[in-house]
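Going in written order, the chains are labelled A, B, C, D and E, and every chain counts its residues from 1.
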Amino acid sequence: MPLDDVILTATNVSKTFGKKTNTVEALREVSFSVARNELCILLGPSGCGKSTLLNIVAGLEDPSGGGVSLEGKRIHGPARERGMVFQSYTSFPWLTVFENVEYGMKLNGVPKAERRERAEKFIDLVHLTRFRDAYPKTLSGGMKQRVAIARTLANEPDILLMDEPFGALDAETRWHMQEMLLEIVETTHTTILLVTHDIQEAIFLADKIVFLSANPGRLKTILELDFKKGKELKSKEDLIALPGYLECEREITALMRAEAGKSKDDY
Amino acid sequence: MTGTVSNSTSSAGMPKPNTPVPRQRFFEFKKDIPASWSVILGIAVWICFFGFWEYAVWQQWTNEILLPGPVKVLDALYTMFAENGFFNDVLISVWRVMFSFGLACAVAIPLGILMGTFRTVEAFFSPFVSAWRYLPAPSFIPLLLMWFGAGDTQKLALLFIGVIWFLITLISDHVKAVPADLIRTSVTLGGSRWQVLRTVVVPASLPNITIAMRQMLAVSWTYLVIAEITAADAGIGAVMMRAKRFLHVDEIMAGILVIGVLGLFFDFLLRQVYRFAFPYLEGRS
Amino acid sequence: AEKVKISGFTWPGYGFWHIAIEKGLAPDLDLQYQTIEDPYESFNLVAAGQMDVVSSTAEFTPVGVESGLPIKLVAFGNLSYGTDKIVAGPGINSAQDLVGKEVAVLEGGLSQIFVAMWLEQNGLAYDSVTYRNIIADDAFAAMIGGGVAASEFWEPYGANTLKALDGSSVLAQSKEPYWLQQGVVADGHYMTETFVTERRDTARKTLKAMYDAISWWQDNPTEGNQIIADGMKMSVADVELVLGKDGSRTDGGLYVYDFVEAAQFCGSAPGNPPFEQTNGQINDHWNLVSEWWVKFKLIKSVQAPDKGIECDLHRELYDAGYRG
Amino acid sequence: MTGTVSNSTSSAGMPKPNTPVPRQRFFEFKKDIPASWSVILGIAVWICFFGFWEYAVWQQWTNEILLPGPVKVLDALYTMFAENGFFNDVLISVWRVMFSFGLACAVAIPLGILMGTFRTVEAFFSPFVSAWRYLPAPSFIPLLLMWFGAGDTQKLALLFIGVIWFLITLISDHVKAVPADLIRTSVTLGGSRWQVLRTVVVPASLPNITIAMRQMLAVSWTYLVIAEITAADAGIGAVMMRAKRFLHVDEIMAGILVIGVLGLFFDFLLRQVYRFAFPYLEGRS
Amino acid sequence: MPLDDVILTATNVSKTFGKKTNTVEALREVSFSVARNELCILLGPSGCGKSTLLNIVAGLEDPSGGGVSLEGKRIHGPARERGMVFQSYTSFPWLTVFENVEYGMKLNGVPKAERRERAEKFIDLVHLTRFRDAYPKTLSGGMKQRVAIARTLANEPDILLMDEPFGALDAETRWHMQEMLLEIVETTHTTILLVTHDIQEAIFLADKIVFLSANPGRLKTILELDFKKGKELKSKEDLIALPGYLECEREITALMRAEAGKSKDDY
């Protein structure tokens, strides 16, 4: 990946919540960048500011200092270019799967025929063709998240932001979702910035891991997963079988342990 | 194989294969009861009520002028419908409640939605609306008569101010409870403020707004009598008012009965509307 | 002392009970006056056996009797002497102008009969207007708001309407000789049958206490009005508006009957009551009111006066030498 | 090391280090606004209201007898307190509302808890309670007079039946929402039915019961005037009634004002009770 | 572990939900047993009836067929002997940590002095001494679950039942909790029956894994984790380092995959 193909840059992003006496410093001067078509993972212990950072990138929060630029342009507020998938199920219950996926395009005035075509393509992509006209209430948690992913992708964002998208799912469903996400990346070449604190998930998905340290959130290190380079991973079994996997998990586990140890009693 | 598969671990301590005794207790926490029980118990309470009432009258525990028995009330009800054209009064009252309630909704829903969505709107209206909830509606009858005359408008206005403040409060509370993530989703998909309001806030709060409407419609019925006492030529309340002047307590009771039945009926109707309008909701009532 | 329960709404005309209580005019009775604003609720209490005496307008008896309410009208208390008026809104100058319009009255109350009789007096059918059930409290507002063309008022609503509504005028008022003679617009005092029959001595003493209070008030009008104002929790000015200042009974809006006049109206004492009324006119009054209720379809038939009227208490007092 | 640590990836596309522009818009979704804004807006609405009222009176848009200006109303209020012993009436009304509401709670809380806990109890009472919600309380005045006499009891009873049915419904709904897992936890720790009721169901629903009480206390104030019209010798409603008989509209308005202030005050009080009684709750209002 | 030291036996447990036309068969003739001091894991794909089975053991549901006996006695209804920890946070919010832990003993009439002593012991055990008088609202999810565990243990059940106790926690906290659970087992020798669908968690914790298959839930296999025998595991790192771990994970992953494949679209 050539360095000049950077799509997103965060520079010295700081964030302090609250006023006067009662402030929480969530982020201190965090800088990193995401290259085009990269799947970048934000990893770090709980409360280190991952969500805050992602929200700033999405434009949902304003940074107290520093800034973020997409394609070289400074960002202001939320926009279609930076679509986001949340941990909570955000598929609109009053719309069918198809209408949900179509929703973003409707907001942006995409003509009906194109809307339909793109929606169906992305519904296919997340394996929900059978449920095209179902309401979210009939779907499992995993399926609801797939609706959210398809909806965001169909809106053709420059970068897809995801905040622990699989965090509320059970272990088994999580696998499926992770594998599906890799499949999607394969097909669509979307740039993704994803927050998690599941180490296995991070290793499985990441091209690059941005690791934050806690209290306040600072950039600890950026890990390029060299042992995965060039390998094709289709399933978790493939990952487990890969040489270097155990070593990598151990290394990140140690990083995590070191950070978490800082506030042992509050886990 | 790192694990050993053992298929039948049956060994000591095997319970006798007696069929399990299903414990069906009458008072069981949150345990659903058979539908038949519900029906029987629901009927039982009314039998108890009417039975006790008739018994009290029969034993002359109370004065018969002031508390006629249920049979006499039903008799009066029959006469009112069959001979006195009470059906027309009922229609007029229903129309009054519905129309005024519709007006109240037409004001309360947009305002409540704006108050629930924007803190600035809330900060402006909320102190005002909360204070007016305590409004004793009957005290406003003279003002309403002055402003709206003695006709229907005045009665509609009274019914209107009887429910509007609570309705606004309830709706804005429900709108406040719309999950922030739904709004944020729409915003990151490129939704403008107006689009978010229209495509997320409104549909997300609509089911709960319907529930709030159901609750306040019930309150509206309790105001009907007050509204129709003054300057009413027709309507359930007017009939009850006249009955009172001439000590026909059986007719008053018949009126109460009719209001109760109408209230339950419209509650049922709104429940059905809720069901059909929001088929996408999880199995909630 | 024996307890006697009396009720009435806030109205200076019933204020003599307060004087009777305040001045101890019934030494061996414990008179208890309860303000109940809706007279029909007072009659409900009678039905429940919880009230002995009710002061209210005089037209209720036929209705009560037909409903089986155990109640008797025992005295005509006072006559409206100008306090009641039929006031018309702008543009209405005669009965003719009212045809087809709406008139605010107390349905099933005196004011409805007042208006109906006045229409007939002016050569119109009693039902040539639409009666709207709005009590005077609210009718003022209703006239300002439009919708009703005229209304029957008592004070202070009449005066206020005339003042506030440009172009409004008085069409009729109770001080006119015809209305005084008819005695339609009047207050009465009711007693329950059990009270009259089983506690007759007490009933007599109660009635006597009230007439003693009226006499006392005639002698001490200023102090009397003050007692009434305090008892009714209203201002002295409001009391004076209705009862007058000097105890002459003709400088306010009400003419209060003293014992002899009331007994004459009842036919229990010789001589004629004032305003060209006749001895024993109470029975004519009963018939008049009953006929109207029948016309308004509020009762089914006119019954004999003695079903709802009890004049023997006056007679016994008179025979015993009492003269007020 | 399987990963390579790269510290500064700053490269192309670096944004100029201009300070970020804080976007502070007036209408922002669910965005908390500064406390000072709240206060200003809250005061603004009242200034608008009183200003418009005074202006309307000054311009003689309405009849001054029926709608005196705010200054005149405040003046009447002062006179009432200073000269007519209105304070005593206020105390009596407060006592009536509090006492009757206390009684209503004493019935509704246990019944509501039982209905919310056991489906059988619910099946029995629920059809009855729902129907009685539509009860037009004023129509029951004659019966209450008969049963309770003209004294205080009758007024308390009216205030009681004005709120009891809604209160029961609200409470039983809240109790139904007690998480099943809390009950199951207690049961698997060996709790008997009575213990579970006492140690789980009651404390778990108490905060929401308090909220229901707050809502219904507001309704109780709106019934005060109706209750005190009948057979009242003292109380805010009785004063307003008398004022009406002699067309002292300023006093009526003063009464409405006092009821509003009292309502807000007791609402505030219950809010504080909620805060102090349930310190263990997450930062909810 | 001698076979005659069996504490809990489930025999041909079946369960059908619903009535007449609309029935769901959740469990079909499941039999297994748990030995004294054993940590037995119920594993299986989502919806296979694990929770239903655990509820039947707890006495919260009645089986449609078969039965469960504890210490040779047939069970009826819930009882102190079978304490349960749920996935949702069930620490009572209106009680402090100490009062929560004391709660079960209070129900069972344990005298005050003993109650206090035992409560403090178990609060120590779950590392919450510092938070003894705090209300649950000030605690994190993991801490709330520790309160629930301490409360159940302090009540001295014969067997501790846990339904995905760490399912709602984030990955990092989950580790800590798992390690703490092993610590507790070490100290108290409690018998535990735990439901999960996290394979790593199952391997890390289990003495024995009872694996259920889906639709309806039947016993698929019972796995004894021989490669762990005699090893002392203190942390996840120890597990990852253990020979045979990868093979075991792969094996169970395959089992899971086979079951889940049955209804591919509904994850």
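What to note about this one:
Note that in this section contacts are C-beta pairs under 8 Å (C-beta built on N, C-alpha and C of every residue); 3 or more make two chains touch, one makes a residue touch a chain.
Keep in mind the model is a prediction, meaning the values are calculated, not measured.
Looking at chain B and chain E, the chains that touch each of them are A, D.
Here the chain-to-chain distance from chain A to chain E, counted in touching steps, is 1.
Chains B-D form the pair with the most C-beta pairs in contact. Once the centre of each chain is set as its mean CA position, chain B and chain D turn out to be 18 Å apart. For this pair, chain D with chain E, the centres built from the Cα atoms lie 45 Å apart. Centroids of chain C and chain E (each the mean of its C-alpha atoms) stand 84 Å apart.
In chain D, the positions touching at least two other chains are 63, 66, 142, 146-147, 187, 229, 244.
Residue positions of chain C with contacts to 2 or more other chains are 40, 44, 47-48, 137, 140-141, 144.
Chain E makes touch with chain A in their complex at residues 45-46, 127, 130, 140, 142-143, 167, 170-173, 176-177, 196-201, 236-237, 240-241, 246, 249-250, 253-254, 256, 260, 265-267. Residues 26-33, 37-38, 41-42, 44-46, 49, 62-63, 66-67, 117-121, 123-128, 130-139, 142-143, 146-147, 166, 176, 180, 183, 187, 193, 196, 218-219, 221-226, 229, 237, 240, 244, 249, 252, 255-256, 259-260, 262-264, 267 of chain D touch chain B in their complex. Against chain A, the residues of chain B that register as touching in their complex are 179, 181-182, 184-192, 195, 199-200, 203-204, 206, 278-282. Chain contact summary for the complex, chain B toward chain C: residues 63, 65-66, 141-151, 154, 229-233, 238, 241-242, 244-248.
Contact residues on chain E toward chain D in their complex (touch as defined above): 58-60, 78-80, 82-84, 86, 88, 90, 92-95, 103-104, 107-108, 135-137, 148, 151-152, 155, 161.
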